[in-house]
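Look at the two complexes coming up: subunit A is in both, with subunit B in one and subunit C in the other.
This part shows the complex of A and B:
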């Protein structure tokens, strides 16, 4: 890769590894937390049929249906969901085109508040119920209030502690992913595949909404107001400290002060070439019809740090969480597949240097490995273990 | 990804070229290699920090001790280097005090509640404990 020429002495592993770790760690933490929640709170499968959302609007799965009925129902559900997401994405493109940025930011903050307070509260109550933790309602409500409001600050304000913002984004991903794992099984798998295909289409096709969004953002040199995880920019360890413009809004007053003598600042025009990808993902949880805006897809942020949309976090974790509902062996297989897919996507990102969809490769690999592990690997391992050949 | 790190001008001090720095004093202070926020050079400048610290401190009074804790965490270098940033330090120290007071009160109440249990409170305990409240209000359902 041509980035090697910029660094005279240090090996490529030093900074490339650090950037990769910067994006793999939160993805792994998100997946691990969702698996933990699924294992802790896993009730019997029959109770999951009462979960209703927009993703089960067309058909709700019951245990007594034949496989063909379930498959058909799952297709219908996925179709409805992907259609809803497409409409919402085009709406986002329209609003961005009309420069309603304040409205979008407010909406983002509001959706973060709903997720953290509502979903977070429900999951905490489930955990408290499960462990019979003797906390009283006053303390609980104060803690929940604190948690949600600071989360809204972290998401809404453009300049905030990087670590806390990243932590809150991962928490939001975990909460939404856990709720998506409660969908019926066939619907989940078909939905994941459908979303991977949609992501591919929306980012790479010229008429795709995400591509339009990215091009508009680039041409205006603005950030898309949506929930995107940005890894901490890596500071190269040669003698120059690179001052990166992490947030664009305050370029006039902020970046001209406090520049040390040995700080080099990148040109604004060069940073315009860094792109981000975003696929808004609409999640309507249960009875409310309020969609929330997440992003999927991977790209390069304004500071050169890797940006990964929150929708990617969510759907990777949904896949792994659904694998956890079967057995932990499928979890390991799917985790490795997803990380491999993410690595491939990052490599493609460095080759093509444009916004890429992060879902397709990982989801396809994950689904393939899940079914291989479930159908073939498990039989093999069980036979080996029971005959004391391999444990 | 290397656009941001390319050197665009041979002059190592872009400050003299294109900045319209109205406050030379702040640049002297901030060129002392100590950044007020925990993010270092990626974080806020000093003027913005004062504004942020003050806003966090004021908002924390709305029953938000966690915001005070975040304030202290974010401006941790201000607490460590006790000489620099006098204005920010004022707010951060007050936030720290507020956080400790609030947390100790809350912890005292929560521990009394959970350890005391029914023996201390009587039948009110069952009415206040969270899992019963959730059952009563129907919050522990999934959908």
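This part shows the complex of A and C:
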């Protein structure tokens, strides 16, 4: 009855939605860093070198081609890229089926080393050149070597500090995404849409490679060998909520496109297993009252570790980075669209409780918002604000 | 690379750019760090309200696209523009509030289920504040951050204040059924929009901008008074639940 006795009890608002923020923060940091790099390193268009990779194998865009040629060339490029990714994913599924786990781990470590040392070194050199930072080559090579080796250990070993592992995963995502933004424009957009469709097919179709991978991993009760970002699991005091974490942990496998030129497979950390709750209550009275499942549906109810593949980070950042090459307004529009798509995907994840592709909704929303912003929004806002009319 | 910079046609230094951006967004940044970043739910509210504002802007720009670009130095089409935009955004604000009421019910029953206290009054005010801040930040980013000049930054600061606090007033007004609060928010929004039209006249911004700040401080005062009354009221209440 006494009001004062209720004051010390914390409101539910204090901790609701923590896991969503735990995933949104690294995604935002990755996107922000890529936008920053694009703004810093692309300021003079004269130095834009063409980036030749497997994604431009079929056709390299030049400024003098007609739009139809560019579109056709972009289609061919995306087709080649998606075909390469499909082949590589099936290879991965085969290796996982034959239990060549050691080989996969070694390959993952090697690829992390290549990304951090090669791409990281290249970007560092570009940054040093841009800012005229005085550093000699010996110091630079020692620093780069240390940085790369620690990164390899961080994604390789399971007993590493989770903050450093998360940081290195974000750095790998940023590096690969930045290099993908250097693809020609039409190719980038068509490639993103093609990858979103591929992701949808690979995870949801019965013959899709990623679905096979997930089913194998679940049936063997092993972890999927991939570079996956895991948000820090939330530890609660309530024992009922704590047991829900196990349940959620096993069903939250947001899988998606994790085959890349450079991104490789890795063993999932054992650390999350050891951090599991020591009170494995099986609460069978999980009655689904409507508001409860709604909140769980939007990912705010239960506490658990949400996992997001590194490919998602990379392609979200590629979209935002490409938007940054046009204007800041499109960046903001695409950022909000991607975050909204990610929220929708997490909602669907809680409802369907199986592996879902994280790329399609966000990429589609992002592309739609980019073109809407570019075609409609920019004219409108510039019209208004150049006359200082605002509302 | 940034096409908008071509319109201004001057070279921006990084320090100046950061300065203008902070001018417009400084108070909202401090609000964010002190109030909103502590509760994850408020960050989600901020992101969703920013999205709602962006969608409203896209719809408006889609509707007005056939009529743009408007002739230079003709000011009456802009009146229509501002009028239609404000009406649309106020209607959207009402829908936003409806959605929020449903979410509030869900949150309250969730709190009952896990035997925690229901939403306090301060919680609801904070959610409204986060919603308003989302609108304000979206306004600042879209109208100011792409064309960073001191004029835009100053006007954006006024609008951020107006958006942030009028959302609090609006939510409380709709919840209590208080007609004064319900009417004052669209009036404030409309008058602020119309005041920017004054900028059309040469040297108009000398009159327009201080009047805009007057409107912003009126919003701030009204919101503060209302919140203070509400808090005193709830403290004097004898019941256990705060409403």
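FYI, the second predicted complex is superposed on the first by the 301 of 391 C-alpha atoms of A that agree within 3 Å, B and C clash if a C-alpha of one lies under 4 Å from a C-alpha of the other, contacts with A are read in each partner's own complex, and residues count from 1 in each chain.
Assume contacts are C-beta pairs under 8 Å (C-beta built on N, C-alpha and C of every residue); 3 or more make two chains touch, one makes a residue touch a chain.
Nothing here was measured: the structure is a model prediction, and the numbers come from that model.
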Check the contacts made with subunit A and report whether subunit B or subunit C touches more of its residues.
B
Which partner chains sit in contact with A:390 here, subunit B, subunit C, both or neither? Use first/second/both/neither.
second
If you stack the two complexes on chain A, which partner ends up touching A:150: first (subunit B), second (subunit C), both, or neither?
first
If you stack the two complexes on chain A, which partner ends up touching A:379: first (subunit B), second (subunit C), both, or neither?
second
When the two structures are overlaid on chain A, which partner does A:344 contact: first (subunit B), second (subunit C), both, or neither?
neither
Under the stated touch criterion, which partner chain does A:205 make contact with: subunit B (first), subunit C (second), both, or neither?
neither
Now for A:327: first (subunit B), second (subunit C), both, or neither, which partner does it touch?
second
Could you say whether A:20 touches subunit B, subunit C, both of them, or neither, answering first, second, both or neither?
second
Which positions of subunit A sit in both the subunit B and the subunit C interface?
3, 6, 240-241, 300
Interface residues, subunit B side, partner subunit A - complex
1-8, 12-15, 18-21, 23, 26-27, 30-31, 33, 35, 37-39, 41-48, 52, 62-67, 70, 73-74, 106, 109-110, 113-114, 117, 128-131, 133-134, 139-140, 142-143
Which residues, counting only subunit A, touch subunit B once they are in their complex?
2-3, 6, 19, 47, 50-53, 121-122, 125-126, 128-129, 132-140, 142, 145-147, 149-150, 153, 159-164, 182, 232-233, 235-236, 240-246, 250, 254, 256-267, 270-271, 273-274, 286-287, 300, 302-304, 306, 350
List of subunit A residues in touch with subunit C within their complex
1, 3, 6, 9-18, 20-21, 24, 39, 42-43, 45, 238, 240-241, 289, 291-292, 294-295, 300-301, 325-329, 332-333, 336, 339-340, 343, 369, 372-373, 375-377, 379-391
Under the touch definition given earlier, write down the residues of subunit C that touch subunit A in their complex.
1-4, 7, 38-44, 47-48, 50-51, 54, 57-58, 60-62, 64-65, 68-70, 78, 81-82, 85-86, 89, 105-107, 109-111, 113-114, 116-117, 119-120, 123, 126-127, 139, 141-147, 151-152, 155-156, 159, 189, 192-193, 196-197, 199-200, 205, 208, 240
